[in-house]
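Common to both upcoming complexes is chain A, partnered first by chain B, then by chain C.
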Partner chain A sequence: MIDQEQMYERYKRLLAEYMEGKNEETLYNGQLFSRHMIECGVSPEDVLSVHIEIMREFFPNMDERLESSFDFLLEAMIGYGLAYREHQNLRFKQRQLETEIDIAANVQQSLLVSAVPEIDSLDIGVISKPAKKMSGDYYHFVRDEQNFLSIAIADVIGKGIPAAMCMSMIKYAMDSEPEQRTKPSAVLENLNRVVEQNVDPSMFITMFYGLYNEKEHRLYYASAGHEPGFFYSSQKDRFEELTAKGRVLGLDRSTKYREYEKLIMPGDMIVLLSDGVTECRTKKGFIERGEVVDLIRKRMDRSAQEIVDSVYKELERLQEFQLRDDFTLIILKRRV
Partner chain B sequence: MNLNILQGKAKDGGELLILKGELDAYTAPKLKETLLELVDIEGASVTLDLSDTNYMDSTGIGVIIAAYKKVCKNNGTLIVQGLTPRVERLFDITGLSDIITIEDINKEETR
Partner chain C sequence: MMMKNAPSRVEIHNEWDIVRARQSGRDYAKELGFGNVDQARIATAISELARNIYLYAKPGVITIEVIDDQGKKGLAITAKDDGPGINDLRQAMEDGYTTSGGLGAGLPGVKRLMDEFDILSEAGKGTKITARKYLR
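Entry: the complex of A and B
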């Protein structure tokens, strides 16, 4: 810290030096000194009053009108002083907020992390990256004792903190689902009622919910307006859209969801994604869904985790490492 | 990333908003302000013209959903017209096309 007396002496020395020699170096030192004063929280009008005091000392017989002009200048600077203090205050508050957001982001991360289950018949890969500190994307895997695996992927509309808070609400609603497995259509109908009641009217959630029967290798699924994924049939060696129609959660309380079913053969693949994957914007424009399929196809011989990691890296590169939206990509591959 | 909102009268006498540009997280608040005020009247009739909306993301859909809910409460009507294929797909996926009236732009001449 700098005390009043030290500042006075140093300022006086620099000022005297400059008035004598008018050299550039002293001017530059004055500039450096001003930075130091800012760091020490010295306000503009404090600097000015020091200047005036020194001038009085140097020129005791100063013209009275010149001297009173200093008083006028001092008054005129008071507004700047207030603005400066306000700025300091805001900087402090901003730092405080940033710390709080960091903590909240960490809490959210630990809340939303869903362990990827180890299953003999399925190879599962997941990647989920937020565009900002907090994510509006959500996924979860739950496996029960009867070898049913439930898979959810969701996107809260809006980004940042409001979206993340809403996501946490969904997470709790899902956790309080009854222990026994529930039909995907029923899960979505329940969540729809929760979201419709609780959320700001312009906020909504899209979700894909699937239930995989490991014994029969059947996937039962339903979608609430979620970006469609893909199904890869190894027999046809073809990717098709994993179509499922349904309204977004929170739109209409009485919405019913249709349930779909698919038999998964060895080598088949299910690709689930959030719109951050398909809304990827590059210099040339938006990437097409077909391009995402091509990226996956090129890497199909690798493990599911390697595929999602590598597709993410490629899309991140195409967007010049600036994610516009939260990005989640899940691949489930039935082992051969 | 910019959105121009032009306000006029639709052929049916209701309010018309023509959206030119991109409707995304940055521009959606602007539309939200204008649109929600228009639909906040008993029996409000509002038409959104999206033929010059070259990009819309889910935040835009959110504003339209909020307006739709308000219109339902106020016994009004909300019509959307001139959807580009990309926006139409978004309406289909989210299920909005089942509940919001979508009109072909050619049928709806504006004054």
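Entry: the complex of A and C
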């Protein structure tokens, strides 16, 4: 708190000085003083009241109408003072909220980050970036003793905190999947039931689930309405769509998912993504899926992690560093 | 002027009554020795309370009285009505919450303008708000 007496005296000195000389330096000092008052929490009506008192002191014979005009102004400023206080309080609350969200985002990050397994035959690269503080994208890798690698990538339609909360539930459901290996179609069917039962009907989740057999180099996969990935055949030197059909999770509890299978040859690549990758909006409009492929192709000789990092950087730049949707890109490359 | 020891009681039916309540509060405040700013603050607080009665719970009563709490002199304003009551007090006391859409001071404003603030409300029965301000 600022001392009332002191404030009065200082304001009076500055005001008198200004009325004498009208010089800029006094105005500057007045500005500094007002900053000090703001810092001390003095509200506008208090400043005005001091001003009025000093005017009465300076001009004891002030026109009565002029004097009452000050009272009128004072009355009007009470409302501004309240709006100012409210604003300060809301600002404080916003800072608190942001801190809370930061903590929640950290919790979520530690929940969702899945270690990328080290595998002799596969080179794996992953990047996952939230558009806001919290992500609605999810991915995970699990490798079992029989050298099967399961890969999941999911996307909650929507962004921000609601999507992130939903994602945490998916993570929990995935963790409670039985220990032994399950067919991708069965995993999706089970998750579909969990989502249908537990998630608000306005929320949809898409997911791609794959199981890679490291001995036979076969990928078994199924998709619940997820953005199709790409398959690169080194033999044909061509990128193809990794199409898989299936309904979004949570629509209908009896949904069945079809399972697909692909033989992966040395040098082949599997690209999985969330729609934040393909729905990048640049100045020229949405980028085409083909452009994503071009970006990957240009960097194909690098390691999987280098490819995803560099594609992300390029797309981030194209969007002028503003992600509109959560971004997840995974590349699995069979080593030659 | 005679010292106002007796409380003033203003019934709120229409907007004109809001003005009367304000006026009465200002007179009491002036006589007790509140400065200009505090007079304006008290008048604004009364205005908000009376306006809420007028908008949501009329008729009601605004009572203004001088208090003396062990030498601590001040003014107490009570707004009482038998209206619908306020369902969610926490929400009503939140900054930025308003149904009138205006950037009014509202209940949080009244709390800020005064030194003490207390609110009792029961759905279907009514609301009683007491606010006090002391001479410094």
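Assume the second predicted complex is superposed on the first by the 333 of 336 C-alpha atoms of A that agree within 3 Å, B and C clash if a C-alpha of one lies under 4 Å from a C-alpha of the other, contacts with A are read in each partner's own complex, and residues count from 1 in each chain.
The rule is simple: contacts are C-beta pairs under 8 Å (C-beta built on N, C-alpha and C of every residue); 3 or more make two chains touch, one makes a residue touch a chain.
Note that the structure is a prediction, hence the values are computed from the model and not measured.
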**OP:** Tell me which partner A:E17 touches in the superposition: chain B (first), chain C (second), both or neither.
**Re:** neither
**OP:** In the overlay, answer first, second, both or neither for which of chain B and chain C A:E291 touches.
**Re:** neither
**OP:** Name the contact category of A:D252: first (chain B only), second (chain C only), both, or neither.
**Re:** first
**OP:** Please work out whether A:G79 is in contact with chain B alone, chain C alone, both, or neither, and reply first, second, both or neither.
**Re:** second
Original post:
Of the two partner chains, chain B (first) and chain C (second), which one does A:N89 touch, if any: first, second, both, or neither?
Top reply: second
Original post:
On chain A, which partner's contacts cover more residues, chain B's or chain C's?
Top reply: B
Original post:
Residues of chain C touching chain A in their complex?
Top reply: 35-37, 40-41, 43-44, 95-96, 103-105, 108-109, 112-113
Subject >> In the complex with chain B, residue positions of chain A that touch it >> reply: 155, 157-159, 200-204, 206, 224-228, 245-248, 250-252, 255, 275, 279, 325
Subject >> Touching residues on chain B, where the partner in the complex is chain A >> reply: 25, 32, 57-59, 61-63, 65-66, 68-70, 93-96, 98-99
Subject >> Contacting residues of chain A [partner chain C, same complex] >> reply: 45-46, 48-49, 52, 71, 74-75, 78-79, 82-83, 85-86, 89-90, 93
